[in-house]
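The two complexes that follow have subunit A in common; it is paired with subunit B in the first and with subunit C in the second.
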Partner chain A sequence: MTAGGAPAPQVEVVPLGRVNSTAAQVVAANLQALLELDAMVVEPWPEPAQALVAARGQYDAGIIMQELATPQGGPLRLGLMGKDLCVPFLTYVLGESQLGGRAAVMSLHRLSEGEGGSRAPRHVMLERAAKVGLHEIAHVLGLEHCRTAGCLMRFSAGLTTLDRLHMGFCPACQRDLTRLRMDLPARAPAR
Partner chain B sequence: MTTKAGNKTKNRAPMVFDMTSDECIWSKAGVVAPRLCHNAFDCLSCSFDKAIQRKRVHGWYAGGLEQPMEEYWTSANWQNTAPHKRYCRHMLTGRVPFKLCPNHYACAKCAYDQMLDDEGLAQPAAEVRLASAAGFEVPPEYYLHPGHTWARVEYGGRVRIGLDDLAARLFGPADEFRLPQLGMAVTGGGKELAFSRSGHQARAASPIEGVVVARNPRVLENPAEANKLPYGEGWLLLVEPIRLQRDLKGMHSGEESVAWMEQESQRLSDLITHDTGQRLAATGGRMVPDIYGAVPGLDWQHLVHEFL
Partner chain C sequence: MSTPLQVLVVDDELAMRESIAAWLIQDGQQAAKAEGGREALAMMEQREFDLALVDIKMPGMDGIELLRRIKEGHPDTLVIIITAYGSIESAVEAMKAGASDYLLKPFDPEHLMLLLEKMGRQRRLMQENQMLRQRLAEGQMAGFEDMVGGSQDMLKVFDQIEEVAATDAPVLIVGETGTGKELVARAIHNRSARSFGPFVAINCGAQSESLLESELFGHERGAFTGAVKARRGRLEMADGGTLFLDEVGEISQKMQVSLLRVLEDGSFLRVGGGQPLTSDFRLICATHRNLPELISAGEFRQDFYYRTNVFSVTVPPLRQRREDVIPLAEHFIAVFAQETGKVPPELEDKARRALISYSWPGNVRELRNIMERAVIVSKSGFIGLEQLTFLDEGPKPGSTALSLAEMETEHIRRVLQAHGWNITQAAATLGIDRTTLGRKIKKAGLRSP
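Up next, the complex of A and B:
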């Protein structure tokens, strides 16, 4: 929150360490364009050294989200990492979120992978980043996974499935999102 | 600079959609001399805001280097602001009609501020106010570009752009939009918004120079959407602007937009009369949603050349 500055954002996109700044802007802009949330890229935080899982060379998404989460009343936060993320039971995650909570984190690390070890074009990486950002923040708002073909709330195991998803939600998810946004102020304070 | 007093569109401060104030919030709070916001309320990227915040933060954290924060707020500037003029920042940005700051602008610690932040999430999408101009619609709070596109400055200083009502109705529903990819630069005046209809091509100019940060997936999938609600769900791109002030200067807004659109409507009507040999009488009403489809004998290329 920038006290006395702009109207407070509803979502802060927080670069964690060195992060592609266009990707950060694209993620924030898509939250604004498709979820109608006031989103702002804030000053970067240092890379979360305390979340490094040395044995795996990856960062623990759960620990990062705990640091990002604001109390009820503060903005929702979406951390954006250049480094690879994991959770204890998955080899890697593109993104991870507190379902109906306060924070999410996503990584750009794998989003540039193209066919057969090549590098994907920049706009493909940015499109993937926008999709992951929307998916994770929808989870934070309380939306769960969806099985409708093409819906952005489908679980994507990897980039091929992610690329097949539309940049948008199916009508059922869209309806839920509208309701979830309405529900927010009345919800019980986060524990 | 040739700014004319009282002419809203030529002021340096951009009009921000869905915000009612154009005065810098530090100035309205009485902390600094009167000044307009020159940065579309994107305080985070505003050097002036940074300077003020630095002053607060240094005072607060590095105590002794400058004035401590508490002293800053009891300083002459603050004292000169009568208590009944210490407007809450949410009032200054038009979010609530009236509220005084009880808290020396320590918003991070303010319960009222937190409550409003919660409520903000439930706010419905802002409605677009429309005026009518000789059969076409015009949103006075948008900026209209002579090439029949619009720009709307939004939260965070991002700019949404699209085709205006004349372009939408004149060219009718498109079969395809080819829009610049995410992360690409649009040059402002470059004809980067391409669409086609039954083999005919058209390219409209982006009204704003900047980097593409979002594309409208609905329009990419169903191109005819841009034709239905050109000022709303039919938007095309969200752009992170580079030279917002300069770009907005050449555009119309408010009453000026209505007058300009009336002229354009007349010009179109003359052109149709000329192209088709069919007399058109301006009898009021609204333009049909697909002029090209409704009027036989129109030359697509000629329309593109004249209006985009």
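Up next, the complex of A and C:
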């Protein structure tokens, strides 16, 4: 442990390139409020050019997560992008995470879509961002999908399903989260 | 809650199979990976898979060929073919070769989710059919379907069944051996909201503790000597339906603790497994023992008793409802006469009196067995005292074993049945000519059903 520098938070929200900074703050605040994690927005990183899949005009979420992942003991990282994300076998993803791992990444790209091609109000976009962030970080803590209606751990590929989720976890997931959080260091050591 | 699907991802592209498998695991399914057809088939020899996701374009054995081999060797495994955009012809070919569906690469995430849900439903349906076939093969469904009785005691049982069926709480059925406790359990299931789910029964008294454990909880491959394949337990099979534990008084305290845990949080492990599974079932237990007595003697756990005995139904012994004996006997005569292709024989007065006054230690099951034999050996359309063999009274000389003639008749009946009453084939099997067989059929009073 090196001297000096503030101790790292448990979760770093990392803007990747140009990102709506309010959204980043809202995501961090919700991780703090609902998951009781010490979360903080850090200085932006440059857009991950190496993750661009040119043929698809999207960014490969898996590659980005490899960049973000810190070794054991470091903070968990949630990357936040304005550009669209994908994985090789899916046409797009709203977010992606390493189950029980170190990193997750999410995109705001589709979250502003409203009905019939319109733009969704800002508060709707922010609520969606918070939901995706909570869902992905819960995966990183080790939680799998849940089939309970309304639970945040229910899989939602599209915005319709995402909008139907409550801003919270069902009792079973809540119980698992309490247990999983205990495995986490209270505050990661400073680097 | 549903049990995870066992999925095998077959793709020669490493990144593809890795990321699909990781996604499935995150979704709560269980996923294994194979890089080609040969490896996939080898893995399927080791354990069962519910679903295989197969890339159509692979070097060596291609996806369609693998699909054909899977359908040959593992017809219960569902197959989804993964194909690239633009090759819709091969997708059609795959469907013709038995694929359940196909996915265009890259997949639309919502479509993938719906497809997995559909596969889950299909698996459930197949499991139910499997259980049904198994039970038919075990003969557990032969006859005996309906409970017969107009006595006060039985009417009370029918009322209780209706009442309990409306709930989802555990039920304990108490009654002597042979009173038809499984019939009561089945009736509750059939009238309950779970009637479309499976009814899974297991007799806990009939097996050793370790066997019972793996029967109930299932096991992973290599969990113990002889566990060459991973196997689903009855708990998993009962997901969405009813689990019936017969002779629950015989299970060990250790097993009671394990089951209690399942009842409390709905999750459990296979023997030798590390991944917790869940199953949503209604529990119905039955016993012929006096459980409160066993509890006082320290042989049965009180907490398990309270947990399983939310409702209780007591099935009366047959000797307590003698008015039901003759209607039951006539019911069985009708059932077996139809099975054997005979005209239902009539009960003689002496036989009726004997049936009513008998002590019935084996209850309805004994009555059923007695009537089955009586129908087989009956001659001239009547059942007399000579055709009744009671368990308790000891063998009456000359009537215990079937006579040589009776055995011959029974043998002929079975052969005829096996050949669907094709006289030529049956005669060939029996090694006699058609005319002789015709004569014997007439003499024995056999008739095709």
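In this text, the second predicted complex is superposed on the first by the 176 of 191 C-alpha atoms of A that agree within 3 Å, B and C clash if a C-alpha of one lies under 4 Å from a C-alpha of the other, contacts with A are read in each partner's own complex, and residues count from 1 in each chain.
Just so we're on the same page, a contact is a pair of C-beta atoms (placed from the backbone, for glycine too) under 8 Å apart; a residue touches a chain by one contact, two chains touch by 3 or more.
Note that the structure is predicted; figures quoted are calculated from it, not measured.
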Subunit B versus subunit C as contact partner of A:Ala39, first or second or both or neither: first
Comparison of subunit B and subunit C by subunit A residues contacted: B
Which superposed partner A:Val93 touches (first subunit B, second subunit C, both, neither): second
Partner chain(s) touched by A:Ala149 [first = subunit B, second = subunit C, both, neither]: neither
Partner chain(s) touched by A:Ala130 [first = subunit B, second = subunit C, both, neither]: first
Partner chain in contact with A:Gly158 - subunit B first, subunit C second, else both or neither: second
Residue ranges of subunit C in contact with subunit A within the complex: 1-2, 15-16, 19-20, 22-23, 25-28, 105-110, 112-113
List of subunit B residues in touch with subunit A within their complex: 19, 25-26, 29, 41-44, 46, 49, 52-53, 56, 89-90, 93, 95, 105-108, 113-115, 117-122, 125, 154-156, 158, 160, 181-184, 211, 213-218, 221, 235, 238, 240
Contacting residues of subunit A [partner subunit B, same complex]: 1-10, 22, 25-26, 28-30, 32-34, 36-43, 72-75, 121-123, 126-127, 130, 166-168, 181-185
Touching residues (chain side subunit A, partner subunit C) in the complex: 62, 86-93, 97, 99, 139, 144-147, 155, 157-158, 161
